[in-house]
Structure formats: C-alpha cells, structure tokens
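Below are two complexes that have chain A in common, paired first with chain B and then with chain C.
Our next item is the complex of A and B:
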C-alpha cells in the first residue's frame, strides 16, 4: 500500500509567456490508500494535469508531491523509479502499443524495470488475467485485436509493473457497456486482490457510483470536494453547481420521492435501486 | 519540450505586409533574393540592410522571434565568417602569426557576407513565413504554378498535399508528446545512454506514431471522399486571390531597388565609404 499526498501544489503551463495558464492552484490532497478513488471534474478542471503530476511526467511549478512521505522530485534523475511505483494509464492507451506480440507489449514495462525473466513472465500472466486476456491472444499481434481488447492489453502493460498506486485516465472512454464493465470490473478485482491504491478519472457518474469507494471532485484548478462516494453523490446540488451531475438513477429516485412514493433518497447504482424498489414494494404489499 | 519546436512560425496580424497577395509575396521574395545577390558595394549593402529594417517596421512583427529565426543558421554564419577572415587575401595585412594572415579586406568581406546571410534569412521570413498563413502560402504557390497544368503537372494535388502536411504538423507533435509520455510512464528512458540506446528507445514511440499516422491518413481520405473531393478539375475556390494596387506598389519599389543596386554597382563600386 502506498500513500500519495500533495502539498500546496500549483502547476502553470507555459509559465512566463503570454500563453500562461494556471492548471492547478494550490492543491492540497491526500489519496486514501488501498481503495479506489474516483477523480471527477468538468473539462479543463485540471484532472489530467493532476494525474500527470502524480507520476512525475510533469514537475510541479510550486509545492511538493509526497510518495510514502518522500518528495518524488528529491532526486530528479531517479524519477523513472517513481513511475514504476505510480503506474499511469493515459487516455486512449491502445495507441501506445508497439510490440510484435501481446506478450512482449505487456512485458515492456517490467523489462524496463530490469526484472528476472521468470518474474516478468509471472507478472505478464497475472496482469493479463486481471484484464481478461486469455492465453490464446499472447502470441497475436496487438494490432490485430479489437479496440476494447487493445485497451485491455495496454492497461495490463501498466498493471504488470505492479505499481503501488495505479492511475487510470478515462479507462472506459468510448467503449460499449459490456467493454466498460469488463475493464472496470477487472480493475476492481485487481484492486481487491492486491490492495493497490487505484485512482480512476472518469466522466461517467454511473461508473463512479458503482466502482469507486472515494470521490475527489475538481473544479477550476483546485479540489472542490472529497469524501465517500455516497456522501459526495448525496450532495447533488453542489455537483450540479460546478457542471457535474449525479447518476441518472439518483435523479429518477428523487423524482419518485417528489411524487410521493416511499423510496429511499440516496440511491446511486442500479443494483441498489433494484433492492430498494423491491423493498418498497414488499412494504406496500405488507401494508395491504 | 517537443512542443517548443517552432515550424514556419506565422504571426497573425493586419499590417501592410500581411495584406499583400501571397502570389505577389512569393514573387517579391524571389526579386528580393536577386537584389541581395546583386549587392556588391558599401552603398548597396547599406540599402539592403535598410530595406530589411523597413520591412520589419511596417510588418509590425516583434523583434525577438525574428532574431530567433537566425539561431538555426548560426553555424553557417560563423563558418562563413571564419572562412572569409582567414582565406581572403588583400593589400592591408593586419595580423601575421606563423601561417595565419589576416587582412583588412578579409574582415570586411566577412562582415558583408554575414550581413548578407542575415538579411537574406530575416528578409525572406518577414516577407513570407512570418506574415503569410500556411493556407495562403499554398494557395499562392498553387496559382503561381497554375500554368504548369498545361503540361499535365498535378499542381492542385501537389498543393493540397502540402496544405495537408502543414496542417498535420502540430497534430503529429501533440501525438508524439502523448505517446512519449505513455511510454515514459512504462519506464522508457529517452535521455540517457549511448546514441544507439537512445535511438532504440525511440522505437516504442515511432511505431505507434506510424500506425496512427496511417490510420489518420486513411480517415482523412474517407472523409474527403464523402465530401466528393475529386481533385482540381472544375473546382472553384472560396477565397479567390486578387492583385491590388498595394501589390504593384511593392513590386515597383522592389524592382526599383534592384535597378538601383545595378546602377550603384556600376557607378559607385566602392567597398568602404
């Protein structure tokens, strides 16, 4: 389990030029370890900048980023080792595949870590398992796979480095519902079995409600809210204020309540909605 | 980092130079180059320098980026200067040490050569690249080359290819940046090790870049096909170029300067004033 903390972090793009743009403004945040944290925010709120700062692709203009209590930029030459500890899957990661076979591509990260051959192979099959890549794909070219499969291979490539913290920027963007479930479900299984700290950036409130334990809301270059998923989605007004939303099902249940139906207020996932509806029906039946 | 590379920098603006017809600007650039190579005496060099300064003033461009344009050719400038200083023979010996002889003429020639190169680069870039948008530039080239259609040269296709290439340079730079970041996140190291190691480290960037470029080209071709693109024949344009009085005034001045330099070369052929 790894601990990631940001202290007074600011980041300015093109500092000192007329195109200067403050992407992060004095951000203080600590990511809870051993859980899945969802990072949400309107376009341009600084989410992508934040995740790139977390694994040292960008260096903060001001402030420090602490990984297990140590400044990640203490030794700039050693930043690659930070990137092994904080794995980042960028947006549309399927475009980064390059090797001849799926196996070799997943092994690229672990090979860069200079691990033993057996260890690499072990990690490749583990990561492939979590991402739902079966053995028959191992010797295929990654370019022959479908979009969703490519995406899963790319995610496996980062998982195989066994980072203490895994960050995924929009891992399910542009996929069909089944593809989304396969990827996010795999990430959750991976998290539950390894205890890795996971941070997921997403625009889908539905996915966040189902898969995340914690939520961080970004707005205008700073942290707007942070807390348990249920606590955050219970404050729908505050979310709508910054151009975000709550899951559709939550809207539906609010509407049902306002129509005088006796259903609970805070329902965020379809599963819990089904349970709540059944419970409400039972009560009604009992009353009759 | 990679984003900092500037290519054919265009500075949007509305100065007299910006408003010139791109075709005329290309012609003017050619005449200007001829003018620079005709200059042979002190007076014409002064005239040449003055012309560039005037161009800079009326184009209203910021001085800094224009001067930065000289940086890439610094090596050529220094090389030319050194060659001229040490290898020009003359009557006025300044320094003599072992096999090194430096003549006053050498210094003067070196100075003129450097001035000539600097004026050539800044003058042409003010006239063309800094003040003409890439689209206008390719339009201008296309129309100037239009007569070549008579001998069955695919002029329109050529200029379309050029516009597309220019259009995709920023996209490719952005894409490269993204892929490099993705591979860095997987532990790629582009900055250390021997030259061979670094070249090898680029393979994980180049392959995805090629793949996505080909995919992009394919998508673009389909999109153009969907909008019934059939090449140049029978195609009209949204913005048709028209010469204005201003264009001819500039042409007149430039030609006049050329003639002036020829006359100066004949009647005032002195190197030092």
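Our next item is the complex of A and C:
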C-alpha cells in the first residue's frame, strides 16, 4: 500500500514562450491508499499531464508530489526508483510490446529492477495470473496474440514490477464488453488481493461506476470534484456541465423520480438498479 | 422496388498468418443497405467488422463473393482506375484515432486535402470547405491548428474532410470510441444531422450500444457471419443471445431483462430511457 499526494501542484507547458499553457493549476489531491480511484475529465482537462507528473515523467512547475510522505523530486537522480514504485500503463500499451516471447515481455520490468531470477519468475506468473494469461501463452510471440490479449500482456508487465501504485490510462479503450470486463475485472482482483493503490483514467462513466471506489473529476486544469463514487455520480448536473455524464441507468432513475416515483436517487449500476426496483415494488405492496 | 444502394453478396475474406495459412475473417456475408439508411454494425473485437468496412471502399478486396455499389460491381476485375477512385470518393471513411487522419497543420487546409486530390477547382474547394466545416459546427476553428483541438473536435474535422468530397455514404469505424462523453455526443449529433438533412447513408461501427438505439437498422457480426440484421428494438430484445456472443445491451434493456427474471411483467423491446421510465412507472400503478 502506498500513498500519493499532490500539494499545490501547477504545471505549465512551454513556460516563458508565447505558447505558454497552464495544464494544471494549484491541484491538491490525496489518492486514498488501497482503493481504486477513477480519474475523469473531458479532453484537455489535465488528466494526462497529471498522470505523467505522478510517476515523474514530468516535474511540477510549482508544488510537490509526495509518495508515502516524501517529495519524489527531493533527489532528482533517484527518479527512476519512483518509476518502479509508481507503475504507469499508458494508452494502447500493446504497441509497446517488443520482446520475443510473452514471458520475456512481462519479465522486462522486473529484470531492469535487477531482481533475482527466481523472484522474476514468481512475479511473472503472478502478474500473468491476474491478467488471465495462461501458461500456454508464455512461449508465444506477443505479436501472435489478439489485441485484447496483447493489452493484458502489457498490463501484466507493469504489475510484475509490483508498484505500490498502479496507474492505467484508458486500459479498456477500444475493447468489446467481454474484453473490458476481462481487463477491468483483472485489475480489480489484483487490487483487492495485493492492496495496491490503483488509479484508472477513463471516459466510460459506466465502467467507472462499477469498478472505482473513489472518483477525482478534473476540469480546466483544476480539481472539480473528488469523493466516493456514489457521491460523485449523485451530482449528475454538475458532471454534465463540464462535458461528462453519468451512466444511462442513473438517467433512468432520475427520470423515474421526476415522474413522482419513489425510487432512490443514487443508482449507478445495473445491479443496484435491480435491487432498488425490487425493493421499491415490495414497499408498494408488490405489483408482481 | 428500387435496387439497394449497397449489396454485399456471399462475401468471404481471409488474412494469412505467419505460416501462410488462411485465417477466415468473413464467411459468406450477405446484406443490403438502402440509400439514406443509418445502419449500425455491432460485433466483438475480431468479429470482422473493420474488415467489412474496408471492403466497402476497396481498401481490401474479398476472396470471393460480390459487392455492388449503386449498380457497379466493385469486385469485378474490369474495374478501371477511375471507377476505383470514384468508389473511394462516394464511400468515405472515418477511423478510430483522431490523431491518425489529420494531415495538415491548419484545419481548413486539412478539410481541403480530399477535394484537392480529386482535382476540384479552387473556388469550388473554398465553398466545399466552408460548407463542410459549418456542417459539423467547426467554422470558428477553420484557421486553428488541429493540434489544439480536442478529440471530438478533431473527429469532426476528419468528418468535414470527408464531406468536402461529397460522398453518398460514410463508414464510421469506431469513430467515437476514443472520445470523452461530450465529444462523443457532438460527433453523434453531427453524424445524425448528415444522415437526416443531407441524406448521406451512414454505416456506423461501434461498441457503444446506446449509439445503436436510434439507428434504422442494426447488423450484428459474429465469427465472420451476419447473425442479426433487424431494427434496433428487435435486435436488443435478444438479450441472452447478445450476451452469449459477448455483446451488451443498453443498461435500460438490461435492467428490464433482469427484472423479468423475477416474474415481473414488462415489455421486452425497451431500449431508451423514456420508454423504460414509462414501463417501470406502470408497475407502480
């Protein structure tokens, strides 16, 4: 378990030139340790800049980023060790596969960490397990796999580094419903079993509602909202105002309430919608 | 009855693997699309959807079978170069990644790229570019650099670039999948407007079931076959079959399907929020 905190962080691209652009403006976030936090915001809201700051790919123009209480830029020479502790899975990570076999590709990170051979092997099989990659794939070329399988190999490669914090940028983008479920379900199992602090960036409100414990909403370079998933999605108007949305099922329940039906407001997943409807019908004396 | 605009007849297509063996992607696919229709194509990853799209504007050629566009057999080996170019002008394509399809450093120059290549007169190009940008609501960005635009705005510029070639049909290959919710809405609105107001035939490939709800027709591809081809309501009432082949239904449809398992009487063809709310309200009497 690891804790990541941003204190008064600002980031300016091309500072001092006519193209100067403030991508983050005095941002304060404390990512709760041991849970899955969803990071949402429209295009250009500062999510990607934020993600790159979190694992030291960018250095804040102002403010500090604290990993377990320590400024990650305290000793700039040590920034590589921060990248081992804060794993980042970029968008479309399958394009970054390059090794001859699936096994070697997953082992690449831990090998660079100069771990013992046994430890590397152990980590490779653990990470492969969470990503649903079975032994039969280990000696195949990653380029012979399907898109969804490649994506899972790439994610396993970062998990195998056992980072205290795992950040994934749109891990399910472009996948069909089963592919999404395989990847996001695997990430959740990994998080629940290892206690890793996980941050997921996504545009899919439906997925965020199902898989995230906490949500941070970015808008115009600032933190717009942060809190429990249910508290955030309860404020649909505020989300729509900044170009985001709530799941369709939440719109349905809002509509039902506006028709005067006594159903709860905070419904964000189909599962909770089923329970809420059944309960409401029961209360009403059943219309079955 | 008039001839269909696009006729796909018994089309097969295979890719070769490393050992030069055929991997069949499309197996005997047949369907028709009428002029002015809005058709959504669904299917899981690897089902053959994108291959199908690429066959329609001759990026790929089928191994066997026939594709006829407005009476012209585009799979015939008699096709002249001019005919090939005319097919690509008439059937435009917009792809998934907005960053991969803009070529110029100024928005309006990018939109002009297509008609320039078709040899259109400069004055006419000016008219088409202005018209196309207005069509997708991007006029105010004409002199901007695409690099400063959001994903949804870039996709709308890509669409404008296609419109400027005056196509009769546009194929959208997961063109909304990388966008944020508002970008998605803007692009969907632009696509629906082109279809309704300009009569452009739309073939929209997507994983987002909510985008299929307003289509005239939904074609579901599975394992290289057309496994459903019907109105959205008829397709989405097959919840268990869609789940079986790895697809979702809109959340409203899913909720109603699950509630019916508890013996609650509800119609099975509900796909949008308003209908769903009405149906559920009736339970409360």
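Everything that follows uses one rule, which is that the second predicted complex is superposed on the first by the 282 of 288 C-alpha atoms of A that agree within 3 Å, B and C clash if a C-alpha of one lies under 4 Å from a C-alpha of the other, contacts with A are read in each partner's own complex, and residues count from 1 in each chain.
The rule is short, and it goes like this: contacts are C-beta pairs under 8 Å (C-beta built on N, C-alpha and C of every residue); 3 or more make two chains touch, one makes a residue touch a chain.
This structure is a prediction, so every number in the text was calculated from the model and none was measured.
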Is A:205 touching the first partner chain B, the second partner chain C, both, or neither of them? second
Between chain B (first) and chain C (second), which does A:281 come into contact with in this model arrangement: first, second, both, or neither? second
Which of chain B and chain C A:255 touches, first, second, both or neither: second
Does chain B (first) or chain C (second) touch A:42, or do both, or does neither? second
More chain A residues in contact - chain B or chain C: C
With both complexes overlaid on chain A, does A:15 touch chain B (first), chain C (second), both or neither? neither
After the superposition on A, what does A:244 contact: first (chain B), second (chain C), both or neither? second
The chain C residues in contact with chain A across the complex are 18, 43-46, 96, 150-152, 174, 177-184, 207, 210, 246-248, 250-252, 254-255, 258-259, 262-265, 273-274, 276-277, 280-281, 283-285
Which of the residues in chain A come into contact with chain B in the complex? 52, 55, 57, 80, 83-84, 87-90, 93, 95-98, 108-109, 112-113, 143, 157-158, 161
Residue set of chain B touching chain A in the complex reads 178-179, 181-189, 203-204, 207-208, 211-212
Show which residues of chain A lie in contact with chain C when the two form their complex. 41-44, 144, 146-148, 170, 173-179, 203, 205-206, 243-245, 247-249, 251-252, 255-256, 259, 261-262, 270, 273-274, 277-278, 280-281, 284, 287-288
